[in-house]
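For reference, chains read A, B, C, D, E and F in written order, and residue numbers begin at 1 within each chain.
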Amino acid sequence: MTDAPPSALTHLDSDGRARMVDVGGKDVTDRTATASARFLTRPDVVALVRADDLPKADVLATARIAGIQGAKRTSDLIPLCHPLDLSSVSVDFDFDESSIVVSATAKTRGRTGVEMEALTAVAIAGLTLHDMVKAVDPEAILDDLKLVEKTGGKRGHWTRNA
Amino acid sequence: MTDAPPSALTHLDSDGRARMVDVGGKDVTDRTATASARFLTRPDVVALVRADDLPKADVLATARIAGIQGAKRTSDLIPLCHPLDLSSVSVDFDFDESSIVVSATAKTRGRTGVEMEALTAVAIAGLTLHDMVKAVDPEAILDDLKLVEKTGGKRGHWTRNA
Amino acid sequence: MTDAPPSALTHLDSDGRARMVDVGGKDVTDRTATASARFLTRPDVVALVRADDLPKADVLATARIAGIQGAKRTSDLIPLCHPLDLSSVSVDFDFDESSIVVSATAKTRGRTGVEMEALTAVAIAGLTLHDMVKAVDPEAILDDLKLVEKTGGKRGHWTRNA
Amino acid sequence: MTDAPPSALTHLDSDGRARMVDVGGKDVTDRTATASARFLTRPDVVALVRADDLPKADVLATARIAGIQGAKRTSDLIPLCHPLDLSSVSVDFDFDESSIVVSATAKTRGRTGVEMEALTAVAIAGLTLHDMVKAVDPEAILDDLKLVEKTGGKRGHWTRNA
Amino acid sequence: MTDAPPSALTHLDSDGRARMVDVGGKDVTDRTATASARFLTRPDVVALVRADDLPKADVLATARIAGIQGAKRTSDLIPLCHPLDLSSVSVDFDFDESSIVVSATAKTRGRTGVEMEALTAVAIAGLTLHDMVKAVDPEAILDDLKLVEKTGGKRGHWTRNA
Amino acid sequence: MTDAPPSALTHLDSDGRARMVDVGGKDVTDRTATASARFLTRPDVVALVRADDLPKADVLATARIAGIQGAKRTSDLIPLCHPLDLSSVSVDFDFDESSIVVSATAKTRGRTGVEMEALTAVAIAGLTLHDMVKAVDPEAILDDLKLVEKTGGKRGHWTRNA
């Protein structure tokens, strides 16, 4: 896939006009995608967020729910994305001293891939972390938002180069 | 603002439960926020996107509209954000050899800041670029999504440390 | 179904984290669900609402349309619900002296049930009645919102115990 | 308020047609509303949900976030409700042996009350509990959804009769 | 207003890029707008729709509710429209032998006009009529969708030339 | 299709009540629909909009994106429309001296037609033109919004009478 010729952008017609490309002829297959990003903040803020592992703190649950709901709204947010019936979405968090890794996996059985759904879930979960911590760390950064892996469709299994 | 004590996260009550904090007592002031991110791809893909400067190519217009509409949906996407009446939103793009800088500025006259609206505009515009180029560059990355500057509210003018 | 062991809640993973469970492996079958609730108010208010049976009064039509549109937004409102393509929705009202029974039936052909769509249709139709009558009866109550019957899926036909 | 003459329903014009009534002439005041409902299930299901008080279980956080987001969508869900800028929303849960009490408080500073926002928050949080437990207790009931108290506006403080 | 010089389009910046123009400096005034359109069909279809004047037919109520809800979503549908808090919306229908006139009036107290809200209400109500009658008259036409009158804002009262 | 007896409207039950009709028994076929409208304005305004053919003007791209996104929201806007997974949408513009023809084509593979999706795309793109030019031409009119052609489903190919 990475050596696909960077010919025309598929979302444009021959006049350069945006359109929702026709996926009616593509095969219905099981498709999955995983995306991730790194939320960079301060060690004391990571500690505040991790307190969510303790009883009664809703920070990560709020970001996770926002990410899942964001995935379901992908075709409403990204103009040329096709609507599709997601069969599952999950959002996870990992920690190191001064950052939080957000990752999401989306699945469907359909004619078009779920890369954008996984990326949108991560972005919205990350923005929710921004919102939660912005009063204590306005300098926080959502970094390195990218596709990690995908399966299904004509090209089959794709994994990001290390 | 950056030296605010990283005490409790304001979006949680004393039991750690998520809530939409009460902004009813805050002053109505003019508020602005600017955010940015960098979309990392390949030089040939930047060239394809820049062809949008030529007649009849809709790539950047599509991402710009998506970003503006995303800003208007911020309180619907980020669970604890307050609804507010945006008085303006703009989204801009700058280029270097292998990346596209996305930036957005949001304004309102109200009781709560527009940082999340500016960040959401940039994120959704960036995700739309991901969607546009993912067939030719699945390795593209949205990097360094951050608040750049804000004005209004109790803390007044804040600019990111260089 | 009622004697299913109340083991773990299926919407949580083994760590207790919320997720949209994977329904990709479930069979595509015809599925229906019916839900109902009782809106308790005063006899004079029931009479006002029933005037809708006469020409030119839109109370029940407004609640019915709200319920149908609510059913279509179920996966947007209930965080862990799967999007699905409803094949039909209907909302009905019955009256006795001081209450209005709201019921709804939803159908789909898919991998996941429509219980939540039927319940959401009834809830939104009932809230619309609340809105309509709240100036004359702020004490009104939406009571007994429940699933009545469902068909399709692995468990087949389920009817509420009398 | 309860002895207001049950004359015409205010959401209908003199021909009985639905309309969004004109609130342009009403005063801008601080307004609050509190609503509640009771989710009836089995003791073993209450125990499963309460495990959410322990680390790593997201049931109540999911329902709370759904309720808060639902409140923000009230005017989109209830056809004749006015859009308004909520200044705060909170959702709480209390338990007894076989039921969960859901309550919500909404606030605004505006020309129209927030009763429907509080009721919608409770309804959507309650529906999310339905969704969470429906596999183990399809017989669960959301009962007694009602307005508890309101302040602000022409009628001032109203409290439900005991 | 009609003799305003057709200089640059205000929704574009000096580079021709779309933006949500800054209305922060505009006065808060009461603003109203009325729009209308004509739905052209056959006499027998008008008769079917008018049967809605009789008990138990929901055609016009459905179109009216759709129009009111559409008005509330204007800023979500039209990319460069500002969000605003509508204080009222009404949708009306008039009939002649083979057409139905749809009209809508929207009001707000704010910094920007409600022309688009009135036009959107009429368009969505008209599309709902299309949907209702398309099985019996696929040739139906929504014609002459236009602004009729507006008040408020810098330009004051404007009425369409006859 | 045009000589179908104008019996009952299919969106009403035998009591005249609105419902989402059951399409569960209809065949899954490829379905397309094309709709169009004419936006009437002044020659100088057409010239301003056509400047979009030159570099750096976003008018038509904005209207096109709005139309595509509007098509995806059809079932959310038109109360009795079924949700469906669009496989493609395109929006086009043609010009003569004082008008702009807007047309849209929608496709799906499913149980129900896409007439309303094509009509909604045209209406929302046309409303966006209204919004863009209303400061220079408040007298502009969206005229002649109609279905042009459809394929698929029980009735097969239908073309509008000339």
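Definition applied: a residue touches a chain if its C-beta (ideal position, glycine included) is under 8 Å from a C-beta of that chain, and two chains touch if they have at least 3 such contacts.
These numbers come from a predicted model, not from an experiment.
Colleague: When the contact pairs of C-F are compared by residue number, which of A-F, A-D or A-B has over half in common?
Modeller: A-F
Colleague: Which chain maximises the distance between its CA centroid and that of chain A?
Modeller: Taking each chain's C-alpha mean as its centre, the farthest from chain A is E.
Colleague: So what angle, to the nearest 5 degrees, turns chain B so that its CA atoms land on those of chain E?
Modeller: Between chain B and chain E, the superposition angle is 120 degrees.
Colleague: Chain B to chain F: how many Å between their CA centres?
Modeller: The mean C-alpha positions of chain B and chain F differ by 32 Å.
Colleague: Chain B to chain C: how many Å between their CA centres?
Modeller: Those two chain centres are 37 Å apart.
Colleague: Between chain C and chain D, what's the gap in Å when you average each chain's C-alpha atoms?
Modeller: 16
Colleague: Pull out every residue in chain D that's touching 2 or more other chains.
Modeller: Touching at least two other chains: 17-18, 54-56, 58, 61-62, 64-66, 69, 73, 79-80, 85.
Colleague: Taking the touch definition from the header, please name the shape of the chain graph: line, ring, star, complete or other.
Modeller: Looks like something else, not a line, ring, star or complete graph.
Colleague: Which pairs of chains touch one another in this structure?
Modeller: Every touching chain pair, ordered by label, is A-B, A-C, A-D, A-F, B-D, B-E, B-F, C-D, C-E, C-F, D-E, E-F.
Colleague: Looking at the complex, which residues from chain D come into contact with chain A?
Modeller: 53-56, 58, 61-62, 64-66, 69
Colleague: Contact residues on chain D for chain B in the complex?
Modeller: Residues 30, 61, 64-65, 68-69, 72-73, 85-92, 107-109 of chain D touch chain B in their complex.
Colleague: Contact residues on chain D for chain E in the complex?
Modeller: That would be residues 13, 17-24, 75-76, 79-80, 82-85, 110-111 of chain D.
Colleague: Mind listing the chain E positions that touch chain F in their complex?
Modeller: 1-2, 4-12, 15-18, 37, 42, 44-45, 48-49, 51-52, 54-59, 61-62, 65-66, 69-70, 73, 77-81, 115-116, 119-120, 123-124, 126-128, 130-147, 150, 158, 160-161
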